[in-house]
Structure formats: C-alpha cells, structure tokens
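Worksheet for the structure shown next.
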Amino acid sequence: MKLDHTAKGVYAIAATPFHPDGRLDTVSVDRLTDFYLECGVTGLTILGIMGEAPKLEPEESLAITRQVVGRAGVPIIVGVSAPGFAAMRSLARGVMDLGAAGVMIAPPPSLRTDDQIIGYYAHAVEAIGDDIPFVIQDYPLTLTVVMTPGVIQKIVNNHRSCVMLKHEDWPGLEKISKLRAAHKAGEMRDISILCGNGGLFLDFELERGADGAMTGYAFPDMLADVVRLQQKGRRDEAHDLFDAHLPLVRYEQQQGVGLAVRKYVLQKRGAIASDAQRKPASAISDKARAEVDYLLSRLARYDKRAAF
Amino acid sequence: MKLDHTAKGVYAIAATPFHPDGRLDTVSVDRLTDFYLECGVTGLTILGIMGEAPKLEPEESLAITRQVVGRAGVPIIVGVSAPGFAAMRSLARGVMDLGAAGVMIAPPPSLRTDDQIIGYYAHAVEAIGDDIPFVIQDYPLTLTVVMTPGVIQKIVNNHRSCVMLKHEDWPGLEKISKLRAAHKAGEMRDISILCGNGGLFLDFELERGADGAMTGYAFPDMLADVVRLQQKGRRDEAHDLFDAHLPLVRYEQQQGVGLAVRKYVLQKRGAIASDAQRKPASAISDKARAEVDYLLSRLARYDKRAAF
Amino acid sequence: MKLDHTAKGVYAIAATPFHPDGRLDTVSVDRLTDFYLECGVTGLTILGIMGEAPKLEPEESLAITRQVVGRAGVPIIVGVSAPGFAAMRSLARGVMDLGAAGVMIAPPPSLRTDDQIIGYYAHAVEAIGDDIPFVIQDYPLTLTVVMTPGVIQKIVNNHRSCVMLKHEDWPGLEKISKLRAAHKAGEMRDISILCGNGGLFLDFELERGADGAMTGYAFPDMLADVVRLQQKGRRDEAHDLFDAHLPLVRYEQQQGVGLAVRKYVLQKRGAIASDAQRKPASAISDKARAEVDYLLSRLARYDKRAAF
Amino acid sequence: MKLDHTAKGVYAIAATPFHPDGRLDTVSVDRLTDFYLECGVTGLTILGIMGEAPKLEPEESLAITRQVVGRAGVPIIVGVSAPGFAAMRSLARGVMDLGAAGVMIAPPPSLRTDDQIIGYYAHAVEAIGDDIPFVIQDYPLTLTVVMTPGVIQKIVNNHRSCVMLKHEDWPGLEKISKLRAAHKAGEMRDISILCGNGGLFLDFELERGADGAMTGYAFPDMLADVVRLQQKGRRDEAHDLFDAHLPLVRYEQQQGVGLAVRKYVLQKRGAIASDAQRKPASAISDKARAEVDYLLSRLARYDKRAAF
C-alpha cells in the first residue's frame, strides 16, 4: 500500500499522546488511531511537527509507526525531516520496512535560492532511495523556505517518487491554481495536493483543485465532511459547515499555542486520555481554555459533535 | 488634539486611493475619509504599509496628511517608519505641524536582541523629539522583529511620549493579558492597545483588555459594532456579528493579496472610485474576485451592509 | 560621462564627513574627494550604506552629489536603494540631472525566490527609467538576499541599463568565475564586476576575472596598486602588498564597527577633519583604537603610507 | 576528566575522515587524532558542524567518540545540538558514558528574544541533566541567533554546568571585553572563552581576555603557538606568526567551501588519507585548489610547516 498521486480526502496529522509524566501513552495511540478512522480519514500522517516528533527517541518513533501501521488499515505517511541525510535515510528505510506508505520531507530553514531547494530534494532522494514515495512539505510560515510553483514543478518532474504536495503556503490559493494549470498544460506530472495550515482556507482550496486536507484540526470529521460535500457539488453546505467551525479553526491555528488547544479538544472528545505534551511544552492558560470552551459551546449550536 | 493613552474604539488603517493611471485620487481621499467617519471610527491611521506609503513621494505624503486632517475631525496617526532617522524626523515634524495627533513607528527587520529594539526606540524618540506621541507597531509576521512584553514595558517606561501599542503579534492573546497585568502590578504606565492583524482575533482581544482595533478591514463599521457590543457586555451578539464576518476577515488578511481584496470591497461599497494600486501592485485574479463576491453574498444574509 | 560595462579600477565607497555636532562637513567633502583622487581611484560611489545615506535629509543627499560631481572629474555612482520606488525614482532622476554617472540598487531584505529578485529589478528599472545605468548590489551578508549566477544573468539580459555588479557575496570567488564563463559562452552580456566586502578577497577576485574593487577600505591607494600590479601580471608583488594590509583590511571589515575604524583611519590620514558619525553612531572603544594603531604601526614597516 | 572553566589553549574542531566512497575512515581517525596532539592541542571538539555530524548515523557518532576518547588522552567535547531534546539527551548521556569531558550546544535558528534563548538552555540542561558540563556555541553568522553579553551572563549564572563559551560572534572583540568585565564586577561566574570563526581574530581575542581557540584551521600548531606566545607576552612574535597565516586563515574561513579547503590541507599535511566529504559535499574547484597551493607556497617562506 504505497502512496501515489491519486491520494485524496483527509490525512490527519496525528497528535502523539503522552502521559502527564511524559511517557508515551500507547493505549491512547490506539484510541486516537480509532478516533481518526471513525472521523472518516483516508490516511494518517505521523511524526510531523505537530506530532512532537523531535521530542521522541529514535526507538519511540519506530514503535509508534509500528503500532499505528498495524492498527490503522489506511496509508500512513511518516515525517522524516532531519538535519542530516543519514538520520533521514535511517528513519525512512525503517518506517517503510514497517509498512508506511510514504514519507514527508520539509526543507531546512537555511535554503534560499531556487537551486538550493531543488538540490536539497535531489540529495534527499539520493539518500532515501528513489523507491520511497515522498511528500514535499511547503510551509514557509514556519520553515521560512519559499517555493515558487516553478520550483515545485521541477522537483516533481525530477523525481518520480514525488507523489504529493503538502500545501501550506500562505497565501496559497493562486499557487494551487498555477500548479493545476501546469499539469493541464503538460508541464508537470500529476500529483496529489493536500492542504495544511490548520484548514484555514480549505473551503476554497478544494475549489481551486486541491484533493483534500492534511492537517491536525481536532475535528477531522468536519474536514472529511467538507471534502465530501465539495466533491458532490454541494458547495453552500460545505461552506456552511466550514464557516461554523472557522472561529475554532482559526483559534487552533495559532503558532506555538495551537497544539495545546488541539490536544485539549482531542481530550474533551475522548480521543486521548491526557492533553499533556512532552517537555518543552506550550501551555494553555485558564483564559485560553475558557475561550476554547466558549467557542465549542457556540459551535455546538450548529454541529452536535462539539457538544460536551 | 494629541494622541494619548486613553484612545479607544476603531482607528481605521486608511487605504490610499489612486486613479487607474497611478495618480493620487484626491476626490476619493475625501470620500474615503467620510466613509470611515460614517462607519463610526474614532480615528484614522494613514501612510501605513497598507496605505502604500513607500510608493508615495514625500510631497504626496504631506498632501494626503493635510487633506485627511483637514476633513476628518478625528485624531490622525501617521506612519513615519523609515530606513533612517533623518527621513523619520522630517516626516514626523512635518505631519505634526499639519495637525496629526501622533505617529506610528515600526522597528526595522534587522533588529534581533531586546537591547537592540529598546535602543532603536530611544534613537527614534531622540530623532523626532519627545513631544510627539508615538505608537509602537508590533508586527512580527511582516517585520520579523519579536518584542516580548518585557521589551514593550521598557519602551513604555523609558518614553512618556509612547502612548499606544499597535498589537499585531500572532499569536497575541496572552501578550495582551500580560501587558495589562504589568500595568495593574504598577510595573508599566497605562497605554492604549489597539489590535491589527486584519481583526482576525478582535473578538477575544477585546476580552483580554484591548481598547479596540487598528486595522484596515473593509467593514470598519463591523469592527466598531463589535467594540461597542463588547463594551456594553453583549458578548454573544459581538461574537455573532464577528463570526459572520470571519470568513471574509480571514480572506482579506492574506499577506500580499490582502490589499487588493480590501480595495476591491471598498470600491464595491462606494468608498473609493477605483481599486487601483500604484505600481508595483498585487493583483486580484478573476477567481479571487469571484470568491470574494461569494463571501459577500453569504455575509449579506446576516449583515445587510454586505449586499450589493 | 555615463557608466558602462567597461568600468574598471577602484571605485571608492565614499564616507560622508560630519562635524562632531552632526552637521555635514562640506569642507571635508572636498578634502576627501581630493584624497580619493590622489589615491588613484577611477570613480566614486556615494550615498551607500557606509556613507550613512539613511541619516541624510533628501536635500543633503542632493547637495553632496552636486558637490562631489562638481569636484571629482571621475564617474560618480549614487546609491538610490529605498523602501519604495517613488523615493528611488526621485533620487535617481535627481542625481542624474546633477551629473551622476549611474546609480546602485540593493534588493530589499524581504526578497527570497529567484522570481522575486528578478521582478524587483524589473520594477526598479520601470520606476527610474531604462536610460539610467545601474549597478546590482549583491550583498547577502547584510541584505540577506541570495542571488545565484543565473539570477544575475537574467537581470543583466533583461535590462541593457544594467552595466555593473557590485560583487560582495561571500564566499564569492566561484561566482565570478561562473559569471565570466556565462559571458564567454554567449549567455550573458558583458558587465563590469567590482568587488566589495572591504576588499577581503580582492587578491584572488582579480585573478578570477573581476575588473577591480568598489569598497571603502581606508587605503584606496593600496587597492589601486593591487589592481595595477595584477593588470601588469606582477602577481607576487600584488599579493605581497595585499597581505601586508590584510590584518587591517580584516579588522576594518567588521560589521557594525567597521565604519568607525574606517573614519578613524581616514582622519589620521588627513582626509577628513573628524571621524564623527551622525547619530545613531557606532563607537570605537579605546581598546579598538589602540588595536588599530598597533596594526597601522605594523603595516608601516612595509607601507610608508601607514606611518603617522 | 570533566571539562571546567579553567580550560585553555587550543581545542581543535576535528574533521571527520571518510573514504572516497563515503565510509568512515577509522584508520585516519587515529592518524588525525595523533596529528592534533602533535600540534599541541589541549583538547578536541568532535561532531561539530565542521565534523559533518549531521551526516553520521547515531551509531557512527558513538563509535567515533569511543575511538577518539580512547586514543587522545586530552578532554573531548562533543557537539550534541539536535532539533529535539530527546536526541540531545541520548547523545549527551551516551558520549559522557564513553568518557567525553563535556558537550557543546548550539541554539536552534528559530530563537529570537532574550527570553527564548535563556529558556532554551534551561530546557536543554533539564534534558541532559545538570551534571554534564556544557559549552554555549555563540555563532550568529551561521545560526542567526544573536546573544547579548547579558544573555550569556544569565545562562552562565543559571547553570553551574555551563563552563565555557565557544565565542564566534562577529564582530566579537568588545563582547569578550564585556564578559570579562562582568566577571570582574562580580556579576558572572568565571567561564572559559575559546574562540572560533576559523581563528580570524585570534590575535586580538587573546589580548581581550580569551583563553584560547576552538576552531578547525588546518594548522592547529600555529594556533597553539600564538596562544603560547601571547601567554608569554611575546606580542609581536605572536602577531608576526598569525599574520603570516592570515591569508590562508581567511581563505579557509569561507562559509560553505571552507571545509573542502581544510580537508585538502589536512590531507597534504598527511593527517588524513583522503579529503573526501560524505555527501552532500561541498567541492573544491581546480582554481580554488591552485589558489590554496599558492597560499601555502607563500606561507612556506615564513613557516616551514607549510612546505610540501
């Protein structure tokens, strides 16, 4: 079950559950995996930035991969970004042996020019091997690396194993239109485009040609519904549902505190036993918790899944 | 009518109207000023980033200031950020002579350490004189300068002429709480806090202690309503109105294309004759225009001001 | 006397002399201009970063240009980098009317992708007009903008008015070789390449194909000698002279304090009356002054011009 | 043999020797270790940026540590910078168990404010334990993190296990003076200060109060001689020797290509069998190789160790 360019729907960026004392909560790993599946996701992405990957020991990373792959029954993408290609290759080969569907690679923040970015992905493919399907993570807000549509086009055309773009440029609607136009004009192989940024623009991203979402919003069921409604051409309904969630989507997408909000909501939904983060953790203040509760109570008027 | 720390309500970041051929549209300057006043703003901020200030000749900057000050009858804040203190002083002294209420100063992107930021504002105050009330613009997303609450506290305490914070850190809710707590603890003079970032978090910013908004969202009347409702303790109504606008607020707040969206809506509302930007301009695509129209039509179901 | 691609030799980056109280020292402007000419420069660059340009009022910038152009009798390049194209155009047209030979344009620090950089220079040329010869300033260390040889090639080929590269990438030797190879292969028009970075690699830059130096080292006579010796094929002598100066070249090229060192030495050499900088100024400590004196005394064993 | 604040002399930043096919060259690891000892170093730093650490598998990192510790008989500092604290702790505990004297920690490039930097080191110490002596790496040019003397002072005072500063701020002479003054004023515990940046300012850094060098220049014997001469008060001799090497020091200190130059010279000196880097490698061009040969031949007139 290898990842290819036909992937669509929702790939949830999975949180990593911890006990309050910092140990991995393996019972919650199963519970959370089941939760995502019940929400209707078509895949999962683990060990990403929001999965607290850098806080994990290498053995823990492999153990989580084994557990999630074994339980999920949907394609699992594993984040393998690393400061060096040796660690990237080890992790990539290791998780593919465990049954992962593909890997996701973010560029290091030091890259600036088009050539540097294209060259980096060439080195990465040489390191992990050209038989592992990979996802480009295009996330300038956090990574400070800016990729033009032309750069993405070159990476895609240079490497058949590049099958997906995790699109979280901001703003990014025109970028989706340009990439889709490049494909139609025969200038780029087809790829799957799944959108991140907490889903903040998912309503229009789908209309621009994206195949779905890859993000960690604590209501992946809403994301899946919006994708389904748009696929069926029920545009207004899609926007109605999306807009009802937007105040919380926006709140959760705050850099730095977003993960604390997300885990808090996942815990309320029963998907994980504790909202603890492994250290160093971003805290959620009492005021923020009350704000999230208020947003949930308002959302519950429209979407019963937010009623607690 | 000098700016002081009691300022509250909505200071609209004013757009600068141009003819399609790039000339300043002075008729629309008056029309837009009147529009803002009818929207219920308590002040205006001109010559900011969104006012296309760097595209203006020095004489044009002064001419706009003269025209707006003469017509508005509310306090006018003028952006005087400049790569050098000579230009900053000239512009600051010039606009105060014309009747401006105060100036706004953004830190240059090269600043990194706390000491550098504090030192920069000390130099700026020395340059413009300590008799001109000024606003700190705290906008890391665009300026890449990160100010802790402690740094802001020091600038405020060092300079009596510092009377306001334009708060557009992101995320920033906890920052407002910390600054208000510092004042309550007697560690910082009182200042006015007006929030930017397109208003994306205005609903909660007010609840955290902000005095209002300073941003350019094309419905300043909504911003004014939300501030008023919150002041009266009508929290749910404030959020209802805010949430109805949030899809458009979010759309307009996109870096780079936001100004094109804003001018497009202002033109639709009759506030300016043309949505032209002076070169180099960010364009709005046909698809984006259709998306904005769709958002407006959805908004109009709730707020008649969005019906065209 | 317009700048063209045949420019060679040494263009000194001119300091701007101030009185200790901050007023422009117009007597020293003449004295310094004469000093540079006696040193054997083939041109001068004024109003650059090291000329404290951002601290000058617009009228002062024009006054200095008028004075230097009137006295020098060699081509004068004027820095016109500005946050907006309106100010850039005003200054560029103004100084060309006063007899400047060309202008120098640095990219703003926010540019990242190849397309952004190429687009910026297109906008700049549209603003100032394609009849004004201009110099690309390629200075990633300070400006944080990284230009590949391919990007420079495109700018040169897009704009016939681009006649020179101020090369101060670091490291940059291979870049010179690549640009010269691109010209030989018929892929790029010929341009003049003058090197900055305080002259730290001038010895080899000339051997790689550079036409000379454009930098502000306080011994422009040394730079001129090295260029002349290299042109005559007296390689070892060129390196001997260069190496004798290298300890001071290195010391002067320190970011932030370099200008204070440079003005201190220029004052010792009698080229300016005071080493004062206009505020905000970088100071030279007593220890640093003693270190410079020590370096000069050591240099004087080899080069009598350093004996005081 | 744990590292403490009395460390002085030269800690060579050790290269990591590879075979041309990319395998670790363990024979050369011994040879290079012996070479450094013969050069008079007082310690070694391994697994730093210049040691190609990110290209190593975790087992290789431990194997190299074991081999070098076993052979050297001088204190070994190990670079443990990592994107996450889990990997940092694993490596730190692992290398200390193998007999390392201490670890070196660089801040991640995303840190901006004083509080963020101080907080990062607090988290790091919590992760690795407060019983492991550590070195702050202060290297803004590559890491983009700017630490004021006040920030360093706080980190030192917060953590008794902080025993050394690897000083490679640029410019940095005043910083050394300020840190030493803070110690004398009783405001900061004493620490060892060893200087990096390829040694480019070592001549004066020692005079400002530094205890020696920690850098990878291919003539560590020169660095050791300069430290010794300065300690004995033979200032002119120290500068004479330093200045003779400065053209090569400068050439080797070029970002990106420096390691290729360094390995090329180390190979010529017989310290390693091959100058190969593991991929992705920075190449040395034919022209650059000829330039280095020329610099060596010129240096050999003064220092016979450069004659081949």
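Order as written gives the chain letters A, B, C and D; numbering starts at 1 within each chain.
We adopt the following convention: contacts are C-beta pairs under 8 Å (C-beta built on N, C-alpha and C of every residue); 3 or more make two chains touch, one makes a residue touch a chain.
These numbers come from a predicted model, not from an experiment.
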{"item": "If a chain touches chain C and chain D alike, it appears here", "value": "A, B"}
{"item": "Interface numbering overlap (same over half, different under half) for chain A and chain B", "value": "same"}
{"item": "Pair joined by the larger number of C-beta contacts - B-D, A-D", "value": "A-D"}
{"item": "Most widely separated chain from chain C, with each centre as the mean of CA atoms", "value": "A"}
{"item": "Where chain A and chain D are represented by their mean Cα positions, the distance between them in whole Å", "value": "38"}
{"item": "Inter-centroid spacing, chain B versus chain A (mean Cα positions, whole Å)", "value": "33"}
{"item": "Chain centre separation in whole Å, for chain D relative to chain B (CA means)", "value": "48"}
{"item": "Multi-partner residues of chain D (at least 2 other chains)", "value": "none"}
{"item": "Residues of chain A touching chain B in the complex", "value": "170-171, 173-174, 177, 200-201, 203-204, 207-208, 239, 243, 246-247, 250-251, 254-257, 285, 287-288, 291, 298"}
{"item": "In the complex, chain D residues that touch chain A", "value": "53-58, 60, 82-87, 90, 109-110, 119, 123, 126-127, 278-280"}
{"item": "Residue ranges of chain A in contact with chain C within the complex", "value": "112-116, 146-148, 150-151"}
